[in-house]
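Listed next: structures, encoded as structure tokens.
Next come two complexes built around chain A: one with chain B, the other with chain C.
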Partner chain A sequence: METVWEWFRWLDKTHGIDLSVFYDTGDRHRFLMGFLTTILLSLTCLMSSLAIGFIGAWAQQSQWRWARLAVGAFIQFFRNTPPLVQLYFFYFAIGGMLPKFADASGMASPLFGSFFWAAVSLSLFGGAFNIEIFRAGIEAVPRATIEAAESLGFSKGQIFRLVAFPLALRFSLRALNNNMVNLVKTTSLAYAIGVPELLYVSAQIWSDQLNTREMMTLLLFSYVGLVGAMVWGMHRLERALRMPGYGQ
Partner chain B sequence: MTQSLLRRWILLLPLVSLVLALPHEALAAPGQPGILASLLKWTPLIFKGFLLNLLASVLSMALGTLFGAFLGLAQISPNRLVAKSAWAVTQFFRNAPWLVLLFYTVLLIPFEIGISGGVIPLPDTAKAILGLALPVMGNVSEIVRGAVQSVPSGQWESAQALAFTRRQTLWMIILPQCLKRMLPPWMNLYAVLTMATPLISIVGVEEAMTMTRAALAAENRSELLVPMYGMLLVWFYLYCAPIAAWTKRLEMRFGVKA
Partner chain C sequence: MTWTADQPIVKIFDVHKSFGKTEVLKGVSMDVAAGEVVCIIGPSGSGKSTLLRCINALAVIDQGSVQVEGQEVHDPDLDQLALRRKVGMVFQQYNLFPHKTALQNVMMAPLHVLGEKRGDVEARARELMRKVRLAGKENHYPGELSGGQQQRVAIARSLAMRPDIMLFDEVTAALDPETVKEVLVTIRDLALEGMTCILVTHEMGFAREVADHVYFTDHGVIVEHGPPEILFSQPQDPRTKEFLSHVL
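This part shows the complex of A and B:
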């Protein structure tokens, strides 16, 4: 490994291509931590946005009119406003209103940090799209299948859990994948509120090392690689869950 | 259909009233102007920034559509090399995060370029518009490719049988049929782009988000945070929601999915 790092040092010395994240231990650590933060934030948002989508799609089928209206308003709001403004709204406006508490050094510190608010805001943003996607999937489940389950004595909850949802998931998988990929790309917005993710640490490194061009290029390829790997994985999943007789 | 669109519109009313109800004079600290008065005071400035957002969205869309249309047509080129490389470029710009592309163009393009003696200045706004146009290009390219490929191959074959050249077939037979299919996803992309324009505040363009934050910094009153950001959210909502509703209606009418 040491030879690889040395090669990058040589690249800097002789060609002026300064990829400090490879030969400088501190920068390497920072970049790696940023990468891990991006992955952690992405996973958190993916999981909670799926949960929001699931709950929302279920609430939209409810008998209670107000629940349906509330979910509708939630979707409309989060789909039609800029994610960055949502993020600022949560972090500065909502986060600013919450009470502060004194930390170990006696300084007043906010109740939740920037990572928390980025996760909340992006999950709600991704979740709003997921509700629509799941709903469309549920609507695509043939009526006859539901009736067949009813005649077999399944309860309403059982039908949703055991019959409608597994089918709906497969119908909506393609749209869901697109949204999940989009959500991972959107995590870079967390830079704006100071979450130390990939973009944020890269910006730190290029201001310290003045190697903007190299770092930007590395950053761009890191994201494209990350998203590319995810797209590939999602395609595998799509194929693995494919039902014979549905789709191509 | 219009009935349910109207219902969707009415859904936003509680939201608007919530934001309008919040800036009530009662919430303002004693000795300070009311929240509504403070909002009104800053509205002209923030609205000027908002117009810049809209201008940037229109210009980026025009630029991205122009490049993307060419890239999309290159993706369906009979030349394998052209098609493959156009595909790679498309995937690259679709998979890269918008904010990272924005940083890339704003930080790495020089602030002026000299062409044959003359110097063309490149302000940050112009670079930011270019930065937003890149992901638009990738997405438009994919929309064009998808639409062309969704036309039944019998159309190509009959045109060939009628002795149309490839170019004639594409321009006179295939593309006119595609326009209908391309319009809803293209409009959807425009809405997504408009909602991405606040990103240019991060790279230093003074648009609505910058102005809002400057106003908040000048006022330094925490009770203004929710109404100010809320106002900006509502403006974007009022611009983007009708586009989304219209897109949905077109989708229904044309029987296509975005």
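This part shows the complex of A and C:
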């Protein structure tokens, strides 16, 4: 490994291509931590946005008018405002209103940090789209298929669990993949409220090393790798859930 | 009042049903004895399918009474799931679960609705697949089967619940002429075994061959009914004559 790092040092010395994250231990650590933060933030947002989408789509089918109205308002609010503005809103407007606590060193520190607010804000943003995606999936399940299940004596809960949901999930998968990819890319906005994710640490490194061009390129390829791995996983899931011959 | 096998297994009396302002059933009465095969024929839009769907409560009647084995189907206190376990239904569009294999389609309801053991259910499902002449197709998905094969899976799926009564709603209407026969043969076998069958059908030859009793409906009323040899050869009502002259 050491020879690889040394090669990057040589690349910098002889050709002026400065990829300090490979030969400088401190930069390497910073970059890796940034990458991990991006992954952690992405996973948190993916999971909670799926949960929000699921619960929202369910509430939208509800008998209660107020539940449907609330979900509708939620979607309008989060779909029709820029995610950066939402981040600022949560971090500064909501976070700023909450009480502060004295930490170990006696400094006043906020109840929730920037990572928390980024996770909340981006989950709600992604979740709003997921609700619509799941709703479209549920509406695509043929009424006749549900009737067949009813006539076999399945209860409402069983119909949802065994027939409607598995079909709706399959119908939603394509659109869901797009939204999930978008959500992972949108985590880079967390930079704006100081979450030490990939873009944030890269900016720190290029400020220190003045290697903006190299870091920009590395950053771009890091996202290509990250999103590529995710898309690969999603396609495997799509294949696993395939319904042979359906719709042909 | 307890029901005994010498009383009609299905007793329909003065049933009225409207969709919005259109009255589709205008006082229909019909008795079906256990083991009997009854065909309902008539022009489209005459309320045949709706009548069938009233028997397993897929459609709710506005007035009158439908009794299955002495139990009032539209009694709010009735255990609707229990009713549907007794009454199997096969649809024009098969309505199989596209994300499950043929065998899984047949096994689902006994497993989840009746809570039977997997081993028993699987043995019975394989036996039923043989019975509908689909041995070897167990692991095919519905999308990989022809219409006639899908329809026979749907029949097996219904039979797996060991119903007392089978309802067939224009089950050959979506099939190619050459596959119609394979489905009709399956139904005829069932009828010969003594299953109570109520069919809505356009297959006059089939009705004539297997039915014990034929009902001719038009504009929401039963115009005429009787044994097929009489109804088909000596229709009394001008509407029956007119209809039969078009289809025979």
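Convention: the second predicted complex is superposed on the first by the 246 of 248 C-alpha atoms of A that agree within 3 Å, B and C clash if a C-alpha of one lies under 4 Å from a C-alpha of the other, contacts with A are read in each partner's own complex, and residues count from 1 in each chain.
Methods note: a residue touches a chain if its C-beta (ideal position, glycine included) is under 8 Å from a C-beta of that chain, and two chains touch if they have at least 3 such contacts.
Small disclaimer: the values here were computed from a predicted structure and weren't measured.
Engineer: Mind checking chain B and chain C on superposed chain A, clash or fit?
Structural biologist: fit
Engineer: Of chain B and chain C, which one touches more residues of chain A?
Structural biologist: Touched residues of chain A are more numerous for B.
Engineer: Quick one: is A:V85 in contact with chain B, with chain C, with both, or with neither? Answer first, second, both or neither.
Structural biologist: Only chain B; A:V85 stays clear of chain C.
Engineer: Give one of first, second, both or neither to describe whether A:G194 is in contact with chain B, with chain C, with both, or with none.
Structural biologist: In the superposition, A:G194 touches no partner, neither chain B nor chain C.
Engineer: Which partner does A:F154 reach: the first (chain B), the second (chain C), both, or neither?
Structural biologist: A:F154 sits against chain C, while chain B stays out of touch.
Engineer: Which partner does A:G26 contact after superposing on A: first (chain B), second (chain C), both, neither?
Structural biologist: neither
Engineer: Looking at the overlay, what does A:G233 touch: chain B (first), chain C (second), both, or neither?
Structural biologist: Neither partner.
Engineer: Using the superposed model, give me the angle at chain A's CA centre between the CA centres of chain B and chain C, as a multiple of 10 °.
Structural biologist: For this superposition the angle at chain A equals 100 degrees.
Engineer: Between chain B and chain C, whom does A:A93 touch in the aligned arrangement: first, second, both, or neither?
Structural biologist: So A:A93 only meets chain B here.
Engineer: Look at the superposition and give the distance in whole angstrom between the closest pair of CA atoms, one from chain B and one from chain C.
Structural biologist: Here the least C-alpha separation of chain B and chain C stands at 21 Å.
Engineer: Please name which positions on chain B make contact with chain A in the complex.
Structural biologist: Its residues touching chain A are 8, 11-12, 14-15, 91-92, 95-101, 103-104, 107-108, 191, 194-199, 201-202, 209, 213, 216, 222, 225-226, 228-230, 232-233, 236-237, 240-241, 244.
Engineer: Along chain A, where are the residues that touch chain C in the complex?
Structural biologist: Within the complex, chain A touches chain C at residues 142, 144-145, 147-155, 158, 162-163, 166-167, 170, 241, 243-248.
Engineer: Taking the touch rule as given, give the residues of chain A at its contact with chain B in the complex, in rising order.
Structural biologist: 69, 72-73, 76-77, 79-86, 88-89, 92-94, 96-97, 181, 185-186, 188-189, 191-192, 199, 203, 212-213, 216, 219-220, 223-224, 227-228, 231
Engineer: Taking the complex as given, what residues does chain C use to touch chain A?
Structural biologist: 56, 58, 81-82, 84-85, 87-89, 91, 93, 95-99, 108-109, 112-113, 140-145, 154, 157-158, 161
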